[in-house]
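Quick one: the structure is below, and I'll ask about it shortly.
Which chain is which? They are A, B and C, in the order written, and residues in each are numbered from 1.
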Amino acid sequence: MRNKMKSFITNTLSDFFFEYETPRQVLVRNRRVAVVCRLIQLGVLAYIIGWVFIYEKGYQSSDTAVGSVLTKMKGVGYTNVTGEERIWDVADYVFPVQGDSSFVVMTNYIMTKGQKIEKCSELLLHVGKAISLVSFLRVFVPLHPTPPQGHMTGKCLVNTTKMCEVLAWCPVEDDGSIPDPALLMSAENFTLFIKNTINFPAYGVTRCNLVEGIDNQYIKSCLYDPKTAPLCPIFRLGDLVQMSGFNFAAIAKVGGAIGIIIDWTCNLDHDQSDCKPIYSFHGLYGNPDEADTARASVGYNFRYAKHYMEDKQEKRTLLKVFGIRFDIIVRSVARKFDIIPTLTAIGSGVGIFGVATVVCDLILLYLLPKREFYNNMKFKVTETMEKVSLHQTVA
Amino acid sequence: MRNKMKSFITNTLSDFFFEYETPRQVLVRNRRVAVVCRLIQLGVLAYIIGWVFIYEKGYQSSDTAVGSVLTKMKGVGYTNVTGEERIWDVADYVFPVQGDSSFVVMTNYIMTKGQKIEKCSELLLHVGKAISLVSFLRVFVPLHPTPPQGHMTGKCLVNTTKMCEVLAWCPVEDDGSIPDPALLMSAENFTLFIKNTINFPAYGVTRCNLVEGIDNQYIKSCLYDPKTAPLCPIFRLGDLVQMSGFNFAAIAKVGGAIGIIIDWTCNLDHDQSDCKPIYSFHGLYGNPDEADTARASVGYNFRYAKHYMEDKQEKRTLLKVFGIRFDIIVRSVARKFDIIPTLTAIGSGVGIFGVATVVCDLILLYLLPKREFYNNMKFKVTETMEKVSLHQTVA
Amino acid sequence: MRNKMKSFITNTLSDFFFEYETPRQVLVRNRRVAVVCRLIQLGVLAYIIGWVFIYEKGYQSSDTAVGSVLTKMKGVGYTNVTGEERIWDVADYVFPVQGDSSFVVMTNYIMTKGQKIEKCSELLLHVGKAISLVSFLRVFVPLHPTPPQGHMTGKCLVNTTKMCEVLAWCPVEDDGSIPDPALLMSAENFTLFIKNTINFPAYGVTRCNLVEGIDNQYIKSCLYDPKTAPLCPIFRLGDLVQMSGFNFAAIAKVGGAIGIIIDWTCNLDHDQSDCKPIYSFHGLYGNPDEADTARASVGYNFRYAKHYMEDKQEKRTLLKVFGIRFDIIVRSVARKFDIIPTLTAIGSGVGIFGVATVVCDLILLYLLPKREFYNNMKFKVTETMEKVSLHQTVA
């Protein structure tokens, strides 16, 4: 009994290993159909090899990086507003100071000195009477179209200027007219140094934008230029603005935002040192071209206060800062040979290959005049059970 | 010789182009097996067309965006703490000031004025005697459970209050009781303006949350509402808090964090202008529902100091700021028709299609009573080499 | 007519449902070819089941998370510079104060007190005469290798020290020698608390790094340790620096950057509570190992100013801050069973399976001595149209 079992298993195994199935096929000698079929098959082959493998590199898997960006500005600005000379260095014109990947360089400002909290009259807006009427209405109308400059005390000096009294940081800021040209036009010559490290966790590869050949000596003297120095990580602000399609004078006046894109597209099947960053620049907001009057919110500004104590009283210097905001955006994709996408591409390619035969069969079996003949060649029909037994009886 | 070669190649080529192979098949006329097979095939077809193509849009490739976010708060707060009126404007209550995608709006604070560096006694904590004992022990025990408030001088005033002397910013902050209700409850009416630009590099598409129809005029008067104004980029703080499932009074008191998610799910096979942001809001930390006493770290606060000089001495005003932290998170995915996923889906679909036949063959060849008969129909056996030669000899 | 149509459709439908095609196959009984074929097929099967499904979990789809990070430092620093004792608390040594995912902890500084804007002489650099010559040349040479410290007035004190006069924040900072050892070496004992919430939108799963079992009680006493407390979210700065491969004394002196990576790799087919963060640490910049003299830009520093008013004049205290920058980087991937990748893997697997037969057929039909015989077994040739008609006529 046991022997029988054993010999059965041995037989099955030897059958399994010593024979294999291969489909029986009809070689159809029909020029028109064959040409159609071959052309489809060649197309599929060209698609798989040319497009999927060579062009789209379908034999590779891909991964994006995690990274870290560090920036440092250099340069000193000088302003001379009505005889008052001022110096602006990095600690004064960069927000935030610590060198983040997103920061603002001040290019223009409206300074309101010596503000303290007290009751004063609202600022008479520049449109004149029309607005002073609005101010007048405010006391009665709860919905203010303009944000108020302080906390309404309820008193309104109707008989004199028709303005209301507010508890506010007085004197209130007068931002009716923006200095033109921008006060810190010298920002055009400031330089920005970018340090960017990325890591592709899936491949264990770490790269820094100070690639091979970018040493201390080179960095001391270089300046980014898309053609002559595309790997120099030091950028002149004026160049950045120009490469983003802005006009420096215009953006310096009202502010704007620029995206600095560091593009890492790495083919890790090649040498790591070929994995180099490509810098590109584009305007994010405040682009004067797209700033048709219908679209909203031109420029970029924010308010910033320096507090101090004078005569035992808290005061502040309020700065309405107009500036260029830089967002450093790291885009990264690394690709490397991987067996799974390769075999998936081949496997699904084989599947599509089969579609060619299906299409030609449709032509052969349904469209050709001799379809009956081909049908008989291709198909062999098992009679239904009943008929078969009948046949066998007859035989 | 050369002619022969030539004619050989011509023949092979003409053979290749003028004939094609198509598998010979058995048409099995067996109702039960056929129905099983057809149902499987229909299922596969329904899955490929219905699920992969229509529901999951498997004919599209996808890409995520890189983007940039800019924010601007508006509103003025007013506090009246023991008769001292104060005004809080944007420069005072937003951290950081420059309008980042992650920022904090102060809603409550503990202010400690006029701190200077000197030696003073540690603060008697509110638990009273139990803690003053701890302070007493600190001198001898190196591991402090509570972080100390300054640098221990080594002197401990054992005979009087049992507290130790520290070199610290004195007077030390007393954060034992948090103002309740929050001092800046008026923050509820502040508004937040969000500007978000995204770029799908793979498709060269740039979109801004100020989409078509959201012009300067509209922005001036609109306020976000999930139903009536889902595209207005101006949000009332009270609404944001409520939509995140918080109670404003509670979160304003101890602080918390809210995620504002801007969801861009774009089908770029349609018109670009259909690619619109969807805003959603959810609590990140400090959610009072999940703040069972066992879970850690309720609320959100940080310390912030304003330094000044008084009588030639450096002093500071320390603020323990309780606030709502907003993290603006951009989620994006764009999809567009692409030939590779389409053909991969079709190709692997053809593969799965083949599985139907394999399943039915298993039934046909192993389970049916007439399996011998079907076996003979389907398979034609080549005898092993030896036998074959034998047969041939016999013949 | 209508009946005919109806019966035609019924017949076609019943044909379609009650019969199915299965390919006719040759069972090739040839040991060598069969073994090759079977081994290829077994290899494909092992690859699909073992590699794609079990190892790479090809039956799962994957998604990355969006998240939010919140940090809080604790600890008090103490410095004693030439008899002047100072206390540094969180509001003084963390930039920015509000607990972002990227922040700097000051460890060393060069403080320049009492700067005001006036005209003064440039600082004599430490290289002495060589540099004073450079200063002299500056007036004539427009390209400055070193950034100037202020706005040149044009006057140069040639006869005395050969330095030029600048309008600047005077006295100008003397950053020639960095304090060694670092002034805030006590930063080693500061602690960092990290709170991180992530959300996998595709699966609707939200996780926080305060996972199950990490309660208030535990957090109060725990300290991260890779072996004994890998889930404690409180980190000692000295440990962080050491685990990143730095030497604390060295990095504290000149500054550096450390990446704290929170890795969420979650298999959501298991219980959510198994989805736990793994912390890892690595140096981003300023790694002394890679800082060979040829590579650029060692250390990390920035300038920061505290403004104040003294005798009606604006003054500032300038700090050149050397510090450790921490970037908290969240890496996340969640995987969950999904029908589409499963069926795509199976489908393309079936395709690759077919390749085995193709390879063996090539051997069988082109390489074996008996290839003619097998050719006849496998292929049945339809004569070209002309010949066929001829045959038929003959018959």
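In this section, a residue touches a chain if its C-beta (ideal position, glycine included) is under 8 Å from a C-beta of that chain, and two chains touch if they have at least 3 such contacts.
Just so you know, these numbers come straight off a predicted model, no measurement behind them.
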item: Fraction-based call for chain B against chain A, same above half, different below; value: different
item: Fitting chain B to chain C on CA atoms, where both chains share a sequence, rotation angle to nearest 5 degrees; value: 120
item: Centre-to-centre distance between chain B and chain A (centres being mean Cα positions), rounded to whole Å; value: 16
item: Multi-partner residues of chain B (at least 2 other chains); value: 18-19, 21, 23-31, 96, 308-309, 344-345, 347-351, 354, 377, 379-381, 384
item: Complex contact set, residues of chain B against chain C; value: 18-19, 21, 23-31, 33-35, 37-38, 47, 51-52, 56, 58, 95-96, 102-104, 117, 145, 147-151, 167-169, 257, 259, 261, 282, 284-285, 293-297, 300, 302-305, 307-309, 312, 314, 316, 318, 321, 325, 327, 329, 331, 344-345, 347-352, 354-355, 357, 360-361, 364, 377-385, 388
item: Interface residues, chain A side, partner chain C - complex; value: 16-31, 66-68, 70, 72, 74-76, 78, 85-87, 89-92, 96-101, 193, 195, 197, 199, 201, 210, 214-216, 218-221, 306, 308-310, 315, 317, 339-340, 343-351, 370, 373-374, 377, 379-381
